[in-house]
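Once you scroll down, you'll see the structures, which are given as structure tokens.
Shared between the two complexes below is chain A, which has chain B as its partner in the first and chain C in the second.
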Partner chain A sequence: MDYLVGVLLPQLLHGLVFGAALGLLALGLTVIFGLLGVMNFAHGELYMLGAYAGIAVIGVTHSFWVALIAAPILVGVVAAVTEMATLRPIYRREPLYGLILTFGLALVFREGARQIWGGDMRRILPPVTGSTPLLGMTYPNYRLFLLAASSILLLALWLFFTRTRAGIVVRAAVQDAQMLDGLGVNVRRVFTLTFAASGALAALAGLLLAPIFTVYPQMGVEMILLAFIVVILGGMGSMGGSVIAAFVIGIAQSLFSLWMNPQRVAIAIFGIMILVLIVRPRGFLGREGVLE
Partner chain B sequence: MRVLGWRAVVVFALLAALPLVPGMSRYYLLLAFDALLFGAIAMSLDLLMGYTGLVSFGHAAFYGLGAYATAILLERGVQSVWACLAFAVVVVGLYALVVAYFATARRGIYFALLTLIFAEVVYTFFRYTQTFGGSDGIQGLPDATILPGVPLDTPLKKYYLVFVYLLAAYAVCRVVVASHFGRVLVAIRENEDRARFLGYNVARYKMGACMISAILTGIGGGIYPMRSAFATPDLMLWTESGEFIISVMIGGLGTLVGPVVGGVFFTLLRDKVSSFVDWYFIVIGLVLVVIVLFMPRGLLGYRKVLGFSQWRASG
Partner chain C sequence: MRRMTWLVVLRALALAGSWMAAPALSQSKVVKIGDLGSKVGVFEGYGKYQTMGMQMAVEELNAKGGVLGHKVEIVSEDDETKPAPAVRKAEKLILQDDVKLLVGAVSSGATMAVMDVTKKHKTIHWNSVSCAEFMRTTKFHKYYFSNQPDSRMQANGLAKYILDKMGKKVYIFYTDYAMGQSDGRQFKTAFEKLGGEVVGVAGAPLDTKDFSPWFGAINQSTPDVLFLAFAGTDSLRLMTQLHSFGMTKKYRLAGIDCFLLQQDLPAIAEPMEGFVQLNHFSAFNPDPNMQAFNAKFKKKYGIDANIASGAYDAVLFWAAAAEKAKTFDPDKVAEAHEGMCLENTHIGKQCIRKDDHQVVMDMHLYRVEKGRNIPIARIAGSDTIGEPMVGKDPVEGFTWEIKKK
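Up next, the complex of A and B:
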């Protein structure tokens, strides 16, 4: 019982918290993949920029809450400009070009951040301190806030995609952009706005996780691999699948780390991934035949 | 000679004479070493990317494993260049057999991601295994020996080693591309299903291309510690694989010569830009973006833009 409450339960909650934030990151990635056919290698850098933009805004306003609104907007604008300038001309080309182009963009963003903010590790202080007694243990308030905020956001996104006209238009564009164009929707604008929104989501995830993790220019490199894994596991282009997979990976990672060193955890996660790609490449909820 | 064609013979003759250029300092010889090594690896990748239509995001693992194979032997007192390279071929070959078997069962982005994840497993293993130095890697290696008593100690000897490697790798690639096997690879790139309907065992051909490309890359990796005197896990990081892909793209996909030029260009660019400013990655990233947007055929890619029908068919 002590083991359950003292070790297993907190770790399970850690996994849930991380999974929720990972879900925000992966959701943007999978929507962009479904919509544009681009595996966005620069997504991790948008996540990183979110944390740095947060630090910058906090430096001016001394408020985490203002940063939580302002940073995603700033990064969203950067993403929109990037999409219009670089991605828009290559939609008609092979997905390979998108992969390579975004790899170049990632280099630019990463090095740009290092030039502006330096290569040191930085920290953001959690805006919510203290801890709450919960189910016989005590759990940090900030992590509870993080879990609540991410879950509410995921719920809001689900409502957006199922209940609003704009969300349905985006889903229609994922299905068949050409047909949507024919129906008179400005598909280009849908692409740009969706890319901006996915960047803003990544930025939000970056800022929300910053008080738990450290902020440094390379922070996106490791997260993007995990986000890729989530997207494949969930089924490329499937939003629901991504969210489920994010929780699975988040919880698996924190449970594995109870019994294994970080090396074995990473290898175990990669192993799961390889297995999925070989046995069931469309993941949990992917459409059959998509890029198999 | 006939395999290479007269233009290649001229270029290789010029490269052989490069150390005779007045003012060729130790620094420039080693820079030439790096440039040719990078070019040769990009060329090996082109065999897979440009000719077979499989984009590997895991070539850094072949490269890094080759480097570790040499470093492990040098550290334990085996100094022969040839023993080191043979060991690199065995190690990389075994690993490539596993990767190729599983990865070639998938196409397009799935192939890219499978190779990427396999490479990350290898990276993680070396990054955290203290027997092989953990994150520091294996440092301070002694010089290798070409023959017993003949050390590979001067930049000139090292340059010629990499020259011979490039020459041999180029000859292998040319022979492969010109052979029946190579033509089937192109057929697979253009339309994998049709190649299968024609009765070719597509999986076996793709595996063959993977193995040749991986082993050539592994030999290049095996040569690297003979110049740098170290092998670190960073050689296996996926960003390194990205740099190989960048070189292929800069030079021109499916041309063999193009990626060599791309690799040389990339190395010189990195060296030149980094000696002026420390934000050379911004320049490299922008060069990549500009090439994708405006010169998708690369510097030497005179052929049509990617006949990657399978990317389309599967999309």
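Up next, the complex of A and C:
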């Protein structure tokens, strides 16, 4: 019982907290993959820009809550402009062009942030402080808030994609953009708005995780690798699969830390990915044919 | 007109006289010394205090006419807390600036890398902050000196107190690079030798942002005491996170010399309450030498001194050795250092041991109370320094394996 409460339960909670935040980041990545057919290498940098935009907004307004709304909007605008200016002209080309372009964009954003804000690590103070006694253990309130906020956002996104017309249009675009175009939907606008929303989602994840992980120009690089694994595990382009995979990775990472140094847990995570790709190449909920 | 001419002549003679009477310092002879350390990032605090300590010593020396009639000037470089830039900057300081003394670096990994450079270019090298044990053992060279208690000295000082007063089961959590590994190795060896039980060990990378993935394994091993070998902003984050998970109340905590600087304590006074730390200097130690140094430091900078300001002594030792050798020749200055004692260091009289160039330093155990390091025991330097082990691994055959009792 002591082991369950003192050891396993906190680890499970760590996993859920991290998994939920990772889900937010990976969801945008998977939607963009579905739309463009390429992995957006700049997604991690949008996550990073979210945290820096948060710092800038907090500097002016002194409010984390205002930043939580303003930062995703700011990054969403940056993403929209980026999509219109750089990605749109190459939609008809091979996916490799998109891959190289987003890789270049990642470098531009990262070095741009370094030029503007410097290379030093910055802290954002958690807006919720203190700890809560929970089932015999103590857990930080901010992490509980993070779990609740991320879960609510994931639920809201699920409702958006399944219950609203706009959400259904995005899913249709992910499935077959040409058909959607033929049906008279302005696909260009759908692409731009979806890219902007995906950037805003990454920014939101960046700002929510900033009080735990701190803020620095490289922060996106460290997270994006995990987000890629989540997208591959969940099934390329599958939104539901990504959310499931994010929780699986979060919990696995947390539980593995009990038996191996967390520094080496990445090896186990890659092991899971390789195993899933061998046994079920389409991932948890992916469409047949994407990687088969 | 004749009177005017005489006045001009007299004035010229007076000027010439005052020029000749002035100390040799005004002859614009300059000797440069290098200050290499972290100016930004995880160990920024230590690097800045190292610079301040050096500046204070240089001002005192220059006020007395400099060293061998040379005005002393400091050239500062940021090593980015990494070995590669540290080596690059050390070479720049030695080859381009021609420094006769190099003080630094702050990170043990960087210091060890710089030791190869100072050995190659025969440059007097003082370390006042890094504490990995390898510097005075396997990496040692004749131009290297240290007035920072290393891992062995710290482990010997802490292990007995922890076993006697804090608990018999310890979990060692360390920063996974030279300094932390060295501290962990030495502490595990010393603690087990005394009969204590190490129930778990884990290393976290330098500059870890989130330590919570390690907490499960710590809780799983049910220790009495957490021995923490971290420094700088890593320590700040670790303590904040341990506290938010209720672990600062669950376990007793102890740590190494450079775990946190006094300046950082008030900001995290609550998580640090009761933390036991070994230090060779504290602004709150009533020792008259420390108080005198701190008063001088505070007068100049408006803030308390800390362990990193011990770089002050490094400059004074080098200056005294150069004066004794009557030359800046590195071989002669190195030899002049050996066995040298100084009365006016930041902690009183200190002597350099000839065999491994380590300053024999008395240390104190401190308990953090309301954001202040309060001394609880004095440990003689002769009890902790251990035998000289130049060229040998002091914990040969060491293993991280946990011995179950």
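Keep in mind that, in the parts below, the second predicted complex is superposed on the first by the 290 of 292 C-alpha atoms of A that agree within 3 Å, B and C clash if a C-alpha of one lies under 4 Å from a C-alpha of the other, contacts with A are read in each partner's own complex, and residues count from 1 in each chain.
One rule holds in what follows: a residue touches a chain if its C-beta (ideal position, glycine included) is under 8 Å from a C-beta of that chain, and two chains touch if they have at least 3 such contacts.
Being a predicted model, the structure only gives us computed values, none of them experimental.
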item	value
Clash or fit (per the criteria above) of chain B with chain C on chain A	fit
Inter-chain angle, chain B to chain C through the CA centre of chain A, in degrees rounded to a multiple of 10	70
Contacts of A:212 with chain B and chain C, given as first, second, both or neither	second
First, second, both or neither for A:3, with chain B first and chain C second	second
First (chain B), second (chain C), both or neither touched by A:137	second
Chain B versus chain C as contact partner of A:186, first or second or both or neither	neither
Chain touching more of chain A, residue-wise (chain B, chain C)	B
First (chain B), second (chain C), both or neither touched by A:261	both
Touching partner for A:14 - first (chain B), second (chain C), both, neither	second
Contacts of A:61 with chain B and chain C, given as first, second, both or neither	neither
Which superposed partner A:253 touches (first chain B, second chain C, both, neither)	second
Chain C versus chain B - closest C-alpha approach in the superposed model, Å	6
Footprint overlap on chain A, comparing chain B with chain C	261-263
Of chain C, residues touching chain A in the complex	40-42, 176, 202-205, 207, 209-210, 212-217, 219-220, 233, 237, 241, 244-247
Chain A partner contacts - residues on chain B that touch it in the complex	55, 102, 105-110, 112-114, 116-118, 120-121, 124-125, 127-129, 238-239, 242, 245-246, 249, 279-282, 284-289, 292-293, 296, 305-306, 308, 311-312, 314-315
Partner chain C, residues of chain A touching it in the complex	3, 6-8, 10-11, 14, 119-121, 130-131, 133, 137-140, 142-143, 212-214, 253-254, 257-259, 261-263, 265
Residues on chain A engaged by chain B in the complex (per definition of touch)	37, 39, 41, 86, 89-90, 93-97, 99-101, 103-108, 110-112, 114-115, 221, 225, 228-229, 232, 236, 261-263, 266-267, 270-271, 273-274, 277-278, 281, 291-292
